[in-house]
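What follows is a set of structures to go through.
First chain A sits with chain B, and in the next complex the same chain sits with chain C.
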Partner chain A sequence: MSGQKPKVAFFDFTGCEGCQLNKLNFENELLDLLELVDIVEFREAMDGKADYYDIAFIEGGISTPQCIERIHDIRRRCGVMVALGQCAVSGGINAMKNLHPSEWVQEAVYGEDKYLFPSIPAQPVSAIVNVDYEVRGCPMSAPEYLHVFKSLILGRKPEIKDYAVCVECKLKENECVLDKGMFCLGPITRAGCEAICPSNGQYCTGCRGPVSNINRDGAVDMLKKHGYSTEEALKRMKMFNTNEIDKEIKWGR
Partner chain B sequence: MNQKLNNINEMKCQFLDENATYDFLKFLKGRSKVFAPHRKGEASYIYDEVSDVKDVVLQYPRTIQPLKKYFLPPRETLLSFNIDENNFTESEINVEPRIFFGIHAYEMEGVMRLDYTFEQGQPESNYLTRREQSTFIGISYEPDEYHFSKSLGIDIDSVDGFSLYFKKTDNGYYVYEIDAAGQQLMKEFGKGKRVDIPVTKEEPEFTNKIKYHYNRLPQIFEHVYDSKVWEEVAERCVGCGTCNLLCPTCYCFDVRDEVEINATEGKRERFWDGCMLNPFAEVAGNENFREKLSSRTRHRLYRKFKYITNKSGELHCVGCGRCSKYCPADISITKIINNLIDDYADRQQKQVI
Partner chain C sequence: MSTDLNINVHHVTRVEGHGNIVVDMKKGNLNKAQLEIVEPPRFFEAMLKGRNFHEVAIITSRICGICSLGHQMTSLKATEAALGLEVSEQTEILRKILIHGSTFQSNILHALFLATPDFFKVGSVFPLVKTNKAVVEAALRLKRLANDIGDVISGRAVHPISCVPGGFTKLPSEDDLRTLRDKIVTQGLPDAELAIDALASVAHEIPPFERETEYISVYSDKEYALYDGDICSSDTGLYPVEKYLEVTNEFVVDHSSSKHARFNRDSYMVGALARFNNSYALLKPKAKDVAAKLGLEAPNYNPYMNTVAQVVEVVHCVEDTLEMIDYLLDTGIKQEKPNQEPTRYGRGIATTEVPRGILFHDYTYNRQGMIDKANCIIPTGQNLANIDDDMKKLVPEIIAEGKDAITRKLEMLVRAYDPCISCSVHMLDVEFIE
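What follows is the complex of A and B.
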C-alpha cells in the first residue's frame, strides 16, 4: 500500500469496550502506527463517514437485528475485515445468554421495556459476513493486535497462532498451575496472550477461545480429574466460548 | 543399545560432605559461570545461573525445561534485517566456558541425543556453537513415579558425558572423577577426602518400567503402526504440545519474521515447536498431514523409538518422565508403550492359534 496511506476504521458492536481500553495500553506503538494510516472512523475520536476503508476493525459481537444490517453495510465498503476481541470473534461472554430462552433474557435485562429492544442470540461477526482475520481474547490481546495491524499495513499476511496457551507457558518455563492444584484451560485455549494468566500464577479461563480441531471430550475428561462433573466442566469451557463449545463449530477459520 | 559400560567403581573417588559440596560450588563459580537446579514456584525446579550457591538444590526430581534450553533456547533471534537497505546481520553467539552442575544421567543422555541430531546432515551451527566449552557435573537422584530411564538402559549412575559425578551417600557425596577435566577440578579444589572403597547402597528401584528389554523396542515398533492403542490415547489427549516442548530430545522449531512498525527493520525469530500441535503439519491449502491426535501421538513415539533410532542406533527417549509428569491429561508414555507391547503380544498369540 504505497503512496496513499491506507484508510482504517473502527466499528463498535456489542461489547464492553475493554478491548478499546486495552488498545490504549499500547499508546506509544499505537502512535507510531497511526502515522502510517489514515483513521477515518474512530467512534471516540471523530465523526464522519468515508465511502471505503482498506481495513475495518470490528469490536463487539452481533446481538440485534440492526447489528446485522450495519455489518453487511461495512463489509460492502471495506477491503480487509478484522474481528477484534472475543465478542467479535466468537460472540464472547455475551453468548452465555444463548444458553437461556431469549424471552427470559430480555425480561431479565429490560423488564417491561423488553419489546423496545429487539435482540437476537449473540453471534460472532463471522456468522454474518466473511471475516479475514481475528484478534482473540477478552480483552483482546494487544501484542496480537499490533502484529495484525502492522502486518496488514505492510501488506503481509498476519500469522495467527493456533496452538495451546501451554506452549507459551512452557516457553517461559512457568510453573504449571496444575502443579499447584488449580485447574487450567490453557491446554485447549489458543495461544497469543503470552500465557499472561499462568505467568501471574492464575489459571487460564479460556478467554481466547479453543484451538481449532479441539478434542472436546478429552477436554471434559481433563477437567473432570479436578473433581468437576461433565456439566461443570462444560460450563467452565463455555464461559467465553458458548458458541464454539456448544455447537462445535469452528467460526471464522 | 543404550547400555554404557562406564563403571564408576573403577574410578577415583573422594568424599565431600554437604557443606564442602557448597564450597565446591563456590569454587566452581570462581572459575566460570555455573548453572544448576533451583526452586521455581511452589513445587517445581528449573536450571538457572548460580548467583548464591545456597539457592542451589542438590536433590530434585526433574526440572521443567530440560538442559537443551541453553543450547537451543526456547526463543532466539536468528538475524535482524533491514528492508530498505536490503541486508541482514546474523546474531552473534558468544561462547564462554560454562559449568552445568547437578545434572541427572538421563538429562546428559538427552544432550548427547541432541548432539547427534544436530551434527547430522547440515550441522546446526547455533546449537553446536553454544554447546562448546560446556562441562557437565552429574548427580544421583531418587527416581519418582515418572522416571523410567533404567528401562531404556540409562542407570542412575550412568556417567557418560560427565566430568565429575556426585553420588549421594550419608551426609554428603562420593565424587567420582570421570575425565581429566574433572580430575583437574578436584585437584585444584583440594578439599576432598580420598576414599578407596566407597560404601554405596543399592541403587534405588524404579517403580515406572517398560515391560520389555529396551533392545526389543525397535522391533515392537515394526508391528504396532496400526495398533488400536493410538486411538485410545487420542481420546484423552488434548494436543497441548507440552510433551514435545519439555522433551529433552525434541528439537523442532518454527521460524517467524517480525517487522518493526517503521516498516524497515525486522527480526527473524525461532522458537520451539512440536508435532503434537495442530498447525505443525499444516501446509498450504489448509491441508494437514496429521490432523488426528492419534497420528500425532504415533508420530511422536515413532520419532523416539524408530525413525531416528534406525539411523543412530540409540533410543531417542531417555526416560526423564517429563512428558508424563506434565501432561494435563495424565497420559503416560510408559503406559502407551506397555499397552503397545500387550497389543502386539495379543496379536502374536492370535496368529499362533
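What follows is the complex of A and C.
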C-alpha cells in the first residue's frame, strides 16, 4: 500500500444497511479519513466500479447463490477483507431462518408458491472465503470500525477484544440487569460495545456473538437459574448467532 | 431519431438495496419500462414466529437500518395493541421526537447525499467535498444532529435500545434534553438554512415531469401525521388502520422480488410527497416558507419533487421537535417504568410514517405472549408500481433526448423515490433470465 493512497471499497450483501449508516456516523473523522484513502467503490453512495482494492469492507451475509459468486470475485480482487457487522461476521439476524426447516420458512412466507423460490441458509462471509478482520455487532460498533480502519491504513494489526460484555458493564457501574430480574446475554457475549444495552436499561441480546471459548451448557445453566427454560434460553441465544450456537447446522458449501 | 431504445442499468447506484432499471422500446412502442428488484429476501415474517413480545421489535428493527426507528415504533405499537398495553403521554411524545429524528436523518441523507449530486451533475457526494465543502460539512453536521436525537432518547440511533413495549427502559435527563435543544437552535437551524440555500440554487435542475396519481399516507387532523393516525387516500379519504389490507392489495409481479400494491388506481405513491400533498395544511409555518422558497406547492404531481418535500419535512421536524422538547422541559421528565403486563393476547395492527412512506405491522400473539403470525407491509413495495407507471409516461415524453439523458433521468426518478429496497423485499425471490 506504500506510496499511493490505499484503494478502499465497500460491498453490501444481505443485511439491513444499518452498518452502512453507522459508518457515516462519525462525521468529524470521516472527512479526515477520506483524505487518507481512495474510495473506489461504494454503490450506495457513488457511481463507478474498480478492478482492485487494497481493503474491501463487506457488509451483510451470504444468502443466495449469487452472493457466493460475488464474494469469490471480490476476494480474488482484494488485498485485505474485513467483515463489517454481525450479518457478515456470523450470518447475524438473517440466520434465524436457518432455525426452521427451509420448507417451513418458504411456506410461512409464500404459502402455496413455496417451491417457486429456492433459498440457501444464511451464512457468514467466512463460510465462503477467507476473512482477515471482523467488526462485530448489530449494528457494528462504530468506534471499533474506526479503530480497524485506521490500523489498516497505518499498517498495524487491529486489536480485537475477547472477553465478556459483563466486564465492560461492571466498569460502567451499571446495575446488573439479571439481578433486576431481566434476561441478559452479557456473560457470554464478546465485549467491544461498552455494554451499551445494559447501560440503557435493556438486556444484552448477544448481538456481538459469543466470546471464543463459550461454554454453551454453562450459559444455559446460568439462565435457568434466573428462571428461563433451556428452550427459551437457547432460542434467545440464537437471535443473532444461530450459526455459532447451533454448530449442527449444515452449510450448503 | 431512433425509435428503438434499450436501457439496462444493473444495480442502480445511490439507492439503498439492489434494483435494476430495464427499458425496452421497439419502433416507438414501449414494451417495457420497469424497476426490477433483485434484493435477496430475508424472511422476517418467518423469523418472528414463536418469538416473545420482548424480542419482536428488536428483530423487526433489523428489517431496515435506515428506518430502524420507524420499524421499531410500528412494531411496538402493534405489540401494544395486540397485548392491550397502554402507554403514557410522555412515552408518546418521546416516540414522536424519535420519529422526527429518524425522518430528519433519513431525509437529509437522501436529499443531500444521495439525490443532490445529480443536480450538481456529479456521480457522488465525494467530489462535492472539494467544491462545496461548507455545504457538505453542514449536511454532515445535520445528520449528526439527527443522530444525536436518537442517541439521547433511545440510546442509539441505528437499532434503538431503550424503547420497548410499554415505554422506555431509560429516560433522557432534562439536562440531555436541554443540551439537545441548544444544539438544534445554535447549530441545526443555521446548517439547515445553508443546505436549503444550496438546494434552492440547483432546484432548476429538477426535471419538469408530472403524473397525477393516488397519494396515500397516514393522516391526523391534530398534526402533520408521522407517528400515528388513520390511512388517508387522496382519492377516497380516510380508513382505519385495521383496513390496511384492503388499501394495499399486494400482488406479485414477475420482475420484482418485492410485491407491488394498488388501491383505487393501477398504482399509488407513498412517502414525503404523498404526506406533503395530504397534510400540507398541518405543516409548521417555517416548513411552509421553505416549501414556497423551493417552489413546492400542494398538491404537486412531480415525483422528482419528493426530494424537495423531504427537505421541507426536515424543517417541520426540527420545529416540532423543539416544541415537544419545550413541553417536556415544562412538565418535567417523570420517572416511570415500561408497562409490560399484558391485559389480553390477540391481534394488533399499527401504522407509522417512516421516511419512505406508510408502514404497517400486523401481529397475532398466542397466550404465552409469543408471535403466531406476522405481516409487515413496507413503503418501497407500495411505490414500485407507481415508479413503473411514471417510467412508462416519462420515457415517451423524453425520447428525443437520447439514451444517456433518458438513463440519467430514469435513475434520478428511481432515486427521487428514495427506495429502500432492502426492506421492501420481505417476500419474494425471483430469478431473472437475461
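Rule of thumb we're sticking to: the second predicted complex is superposed on the first by the 233 of 253 C-alpha atoms of A that agree within 3 Å, B and C clash if a C-alpha of one lies under 4 Å from a C-alpha of the other, contacts with A are read in each partner's own complex, and residues count from 1 in each chain.
In the analysis below, a contact is a pair of C-beta atoms (placed from the backbone, for glycine too) under 8 Å apart; a residue touches a chain by one contact, two chains touch by 3 or more.
Not measured: the values here are computed from a predicted model.
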Q) Aligned on chain A, chain B and chain C: do they clash or fit? A) fit
**Q.** Touched partner set for A:166, first chain B, second chain C, both or neither
**A.** first
Q.
Quick check for you: in the superposed arrangement, does A:97 touch first (chain B), second (chain C), both or neither?
A. second
(Q) By the touch definition at the top of the document, which applies to A:187: first (chain B), second (chain C), both, or neither? (A) first
**Q.** Of chain B and chain C, the chain that contacts the larger number of chain A residues
**A.** C
Q.
Output check: A:139 vs chain B and chain C. Expected answer is one of first, second, both, neither. What do you get?
A. second
Q: Examine A:39 and indicate which partner it touches, taking first as chain B and second as chain C; both and neither are also allowed.
A: second
Q) For A:158, is the partner it touches chain B (first), chain C (second), both, or none of the two (neither)? A) neither
Q.
Contact-wise, after the overlay, does A:17 reach chain B, chain C, both or neither (first, second, both, neither)?
A. second
Q | CA minimum distance (chain B, chain C), superposed complexes, angstrom | A | 11
**Q.** Set intersection of chain A contacts, chain C complex versus chain B complex
**A.** 201
Q. Can you name the residues of chain B that touch chain A in the complex?
A. 40-44, 46, 64-65, 69, 74-75, 234-242, 245-246, 256, 258-259, 261-263, 271-272, 274, 277-279, 288, 291, 293, 326, 328-330
Q | Residues of chain A defined as touching chain C within the complex | A | 13-22, 24-25, 27, 30-31, 34, 39, 42-48, 63-64, 66-67, 92-94, 96-97, 100, 104-105, 108-110, 113, 117-119, 138-139, 183, 196-197, 199-202, 205, 232, 235-236, 239
Q | Residue numbers on chain A that touch chain B, as the complex places them | A | 29, 32-33, 36, 146-147, 150-151, 153-154, 156, 159, 161-164, 166-167, 170-176, 178-180, 184, 186-188, 201, 211-215, 217-219, 221-222, 225
Q | Residues of chain C defined as touching chain A within the complex | A | 11, 13-17, 40-43, 45-47, 49-52, 54-55, 58-59, 62-66, 68, 109, 113-114, 123-126, 129, 136-137, 140-141, 143-144, 147, 154-159, 161-162, 164, 168-170, 252, 422-423, 426-430
